[in-house]
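The following pair of complexes shares a single chain, chain A, combined with chain B in the former and chain C in the latter.
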Partner chain A sequence: MSTQVLFGQLLVGLINGSFYAMMSLGLAIIFGLLGIANIAQGAFYMMGAFFSWLLLRELGVTYFYALFLSPLIVGLIGAAVERTLLRRIYKLPHEYGLLLTFGVLMFTQGIFIYIFQTAGRPYPVPPELAGGYNLGFMFLPKYRAWVVVASIVTCFTAWYTLEKTSLGRTLRAATENPALTRAFGVNVPALMTFGFGAGVALAGAAGVLAAPIYTVSPIMGADLIIVVFAIIVIGGMGSILGSIVTSLSLGLLEGLAKVLYPQGSNMVVFVVMILVLLVRPAGLFGRER
Partner chain B sequence: MAADALRNRTNLILLAVAAVAALAAPFLFYPLFLTKVLCYALFASAFNLLLGSCGLLSFGHAAYFGAAAYVAGHAAKAWGMPFEVSIILGVFAAAALGAVFGYLAIRRQGIYFAMITLALAQMIYFLAVQLPFTGKEDGLTSIPRGRVLGLFDLDNLTVLYFTTLAIFVGALMLIHRIIHSPFGQVLHAIRDNEPRAISLGYVANRFKLQAFVLSAALAGLAGANKAIAFKLATLTDVHWTTSGSVILMTLLGGLGTLLGPFVGALITVALENYLADSGLPIQAVIGAIFILCILLFRRGVVGEAHALLDRLHRTTGKSHQG
Partner chain C sequence: MTEPVIAIRDLHGFYGESHVLHGVNLEVSRGEVVTIIGRNGAGKTSTMRAIMGILEKRQGSIRICGNETIDWPSERIARLGMGYVPEERGIYASLDVMDNLMLPPKLAEGGMSLEDIWKLFPNLKERRRSQGTRLSGGEQQMLAFARVLRTGANIYLLDEPTEGLAPVIIQQIGHAIAAMKAMGHTMILVEQNFRFASRIADRHYVMEHGKIVDMIRRDEVTSRADQIKSYLGV
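Up next is the complex of A and B:
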């Protein structure tokens, strides 16, 4: 096989891995804070892509503005969902959170399919990022390089915010012990709304980044979220850096499989999940909770 | 005492009404619609056995339903197996799959259990997309129905309905028996307090796995029956939306009740039939019902009815004493 093909697929793998990383990071924040395994994360990813497409088509808002605007809209919708729906089930077992967000996923996806049908819509690569570099062993499209850099910066920013800033400390305190955090005068319910909004905005941002690479379609998020769930089972939600590393390596592994054994490439993550369950049931970086 | 006697009498009356309704139904409604309801009711009952009795939320029950549909369909179509053998092969396939997936999934608990079952089921979906014998996007079509017991032609829709009814009632009696057996009591104990059940000497994981395999096998029975009845096994049968809709049926009807899954399946199938002609977005409506059901109506139709009857019984019981 040519090195062109190999590195090309590895790059695609790295890109997918960075989408996985942003998705699972958002899921980890939400699960830590709200105890909800947000399967609707797939719908928010899809909305991120769709809003950027709509902003461009209807209002002429270009890519770089959409990169901030679209996740913001997604985050606000998320905050509204948290306020109106999720807030009512915090006292119930975690399973109900999964089921409720599953309803949100079905509803949102159903509405988008109703309006836009399932066919994919192309989103043009922004002109600033068109073209690419010839690295000798492979051709590197500028946009793909940008996606990897942008998502790694996003993940690093999220990690830095959570671990090193006072907002992050408050969020972690609320995750660890909401009652006590509240007793210190922190408005925990508002924090939870913010946390859910921020978590789904990460998915929205991944959607915007994905739009020029994959076509924009109402069903783009549902299959992705299942893979991300498997990645979370593999990595566990205990460590942020751990889940980023897991996501990127599984993306790369998928890329490698596309070259070596294309028929099985979409099953690689699930096979790894099975192996991890057999060897280290708690997950690579995980602790049960 | 008075309340108990009253409850027994209510149950008997209900049973008689159900029997008459089941016998009269094919003459009042389209038998194929009723057959569909029964297949999904059995599917939801199988799911309910796992979630209601054992507290395990499987998000991938479509895998067992769909795998059995494909296996039974293939056996009937390609191998020319009789109806009964095809169904049994489907059930065995689902049980074997359930044993493997259950073994993997019970290694984690709670929300992770659900995620694992969902991911494993997605593997089956991908396999169904790629394997040669599933017919890919088209699915397995025009599966021959054959004859039940070699005698009665299943292409007669009334025969088909009563055969499916017999399978459904038999399975429901089996489930009833399982839940009220010592085995079922241990499942309840594990559901309510797993550490305590373990400390009492029960190997919780073994019981969970057994419940999982039973549930998968019954889901397979439903899937195999559906494939033969509708002469069709498709990717929809193994898709995650099917896993979701069986959860909805169970919740809507009443989690942990014997008749709930049937009621839920009836409502959902009727609704889907109605929506298919209306031009409304089916998936969005189902999603909205899901949300409302979780927020406002967690006991489901049968659960609410039970609660209402209990209240009635308590008040009449008291008036008898007084």
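Up next is the complex of A and C:
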């Protein structure tokens, strides 16, 4: 086996890990604040990619503008979904959230398939990020390096906001004890709308980053969300830093598996999930409740 | 004649199917300190939670500063200038002392400055980077007080502030409440420790089975001591 192949696959693993990280970070924020395991995260990822494709094709809005605009639109749609649907089921057990968001995923996916069919549509790599670097032991496409950096910066920003700012302090308090936080005068319902919007906007941003790497298609989110849910289970529900670390490690592990035992590469995340569940049912970074 | 700051009429409250408040009536004037006393399970804490809007299923009338708040959400009630110190203290485990202190948004001008708070509760200053739940019971209670003193609230609901605390800490809490009274704040105090309550309160409401059954003024406390004892079941 050549080092070219090894590093090539590790890079692919790192890229996938970056997407997993953004997806699972959004899921962790949403689960912490709303207690909802948002399967529809896959649909918001798909929408992020689709909106950037539509913005380019219909309005000529280029990649870097879409990188902000598309997650914003996705976030606003998410806020509307929270207001109209999710708000009604907070008092019900977790399964209902899973079922309802699964419905949102199927519905959204169905609409996009109806309008755009399932065929993938290419999104060009922005000219500023075309080409790559020859590192000697491997060729590193600029765009892929950009995806890793952008994802790390996004995750760090989200983590910093949650841990070090007054908004994050209020979000954490509302997560821990919503009733008391409201009794201090904090509008927790509005905060939940914002939290859901921000959580799905992270998926939307991941979708925009993914568009030039994978083809844009209505079903692109459905496959991803299954792996991301497994990662959330491995890392532990609701742990922010845990989700990021687990995502990147499992992305790399998948890449490594593609080199060492390609037949098992699609399975490796789930094998790890089974092992973790046997030893630590609350996940690697989770706490028993 | 000005309207009372808090006027409760025929308040009913429910936890799910269970009916816990059965027509509570009480009034508190501006600057007054009023206690609610009674045995465990009489509905004292539920009354506080109903006033704050935390007890969501409630009927009747609760007027605060002239506003009917019976169907208001909790955050809107809080913004009328309420400072709530819950029975369980409600210190956030995921926040350190400083973050717990800074969490409640400012409701009005005139709240205590950080400096004044450190003066009132010097222990808290030393422990400001400790995680909320690493504090002792007394420190948690001080933090619960300090947290609402910062916000500029002027109506305080204090639920069992001395419960489970050492005498020296109770004294410190007593100083804090006396200071708040001197500032002209209005207070409703739920208290098991009647000796403590009788020293600071203007009036005492007696609660039994989800209702107010009696009211005892400060100047009646000595003459009605036996009756109070029987109300408290001591």
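Things worth noting here:
Methods note: the second predicted complex is superposed on the first by the 286 of 289 C-alpha atoms of A that agree within 3 Å, B and C clash if a C-alpha of one lies under 4 Å from a C-alpha of the other, contacts with A are read in each partner's own complex, and residues count from 1 in each chain.
Simple rule for what comes next: a residue touches a chain if its C-beta (ideal position, glycine included) is under 8 Å from a C-beta of that chain, and two chains touch if they have at least 3 such contacts.
These numbers come from a predicted model, not from an experiment.
Of the two partner chains, chain C is the only one touched by A:Ser166; chain B is not.
In the overlay built on the shared chain, the residue A:Leu59 is in contact with neither chain B nor chain C. Of the two partner chains, neither chain B nor chain C is touched by A:Leu76.
After overlaying the two complexes on the shared chain, residue contacts for A:Val5 are found with neither chain B nor chain C. When chain B and chain C are set side by side, the one touching more residues of chain A is B. Touch criterion met: A:Val186 reaches chain C, while chain B stays clear of it. In the overlay built on the shared chain, the residue A:Leu275 is in contact with neither chain B nor chain C. In the superposition on chain A, contact of A:Asn177 is made with chain C only, not with chain B.
Applying the stated contact rule after C-alpha superposition, one finds that A:Ala130 touches neither chain B nor chain C.
When the two complexes are superposed on chain A, none of the residues of chain A touches both chain B and chain C. Per the touch definition, chain A reaches chain B in the complex via residues 31, 37, 85, 88-89, 92-100, 102-111, 113-114, 222-223, 226-227, 229-230, 232-233, 263, 266-267, 269-270, 273-274, 277-278, 281-282, 288.
By the touch criterion stated above, chain A contacts chain C in their complex at residues 166, 169-170, 172-173, 175-177, 179-189. The touching residues of chain C, when paired with chain A in their complex, are 52-54, 73-75, 77-79, 82, 84, 86, 90, 92-95, 99, 102-105, 107, 148, 151. Residue ranges of chain B in contact with chain A, taken from their complex: 57, 59, 104, 107-112, 114-116, 118-120, 122-123, 126-127, 130, 240-241, 244, 247, 251, 281-291, 293-295, 298.
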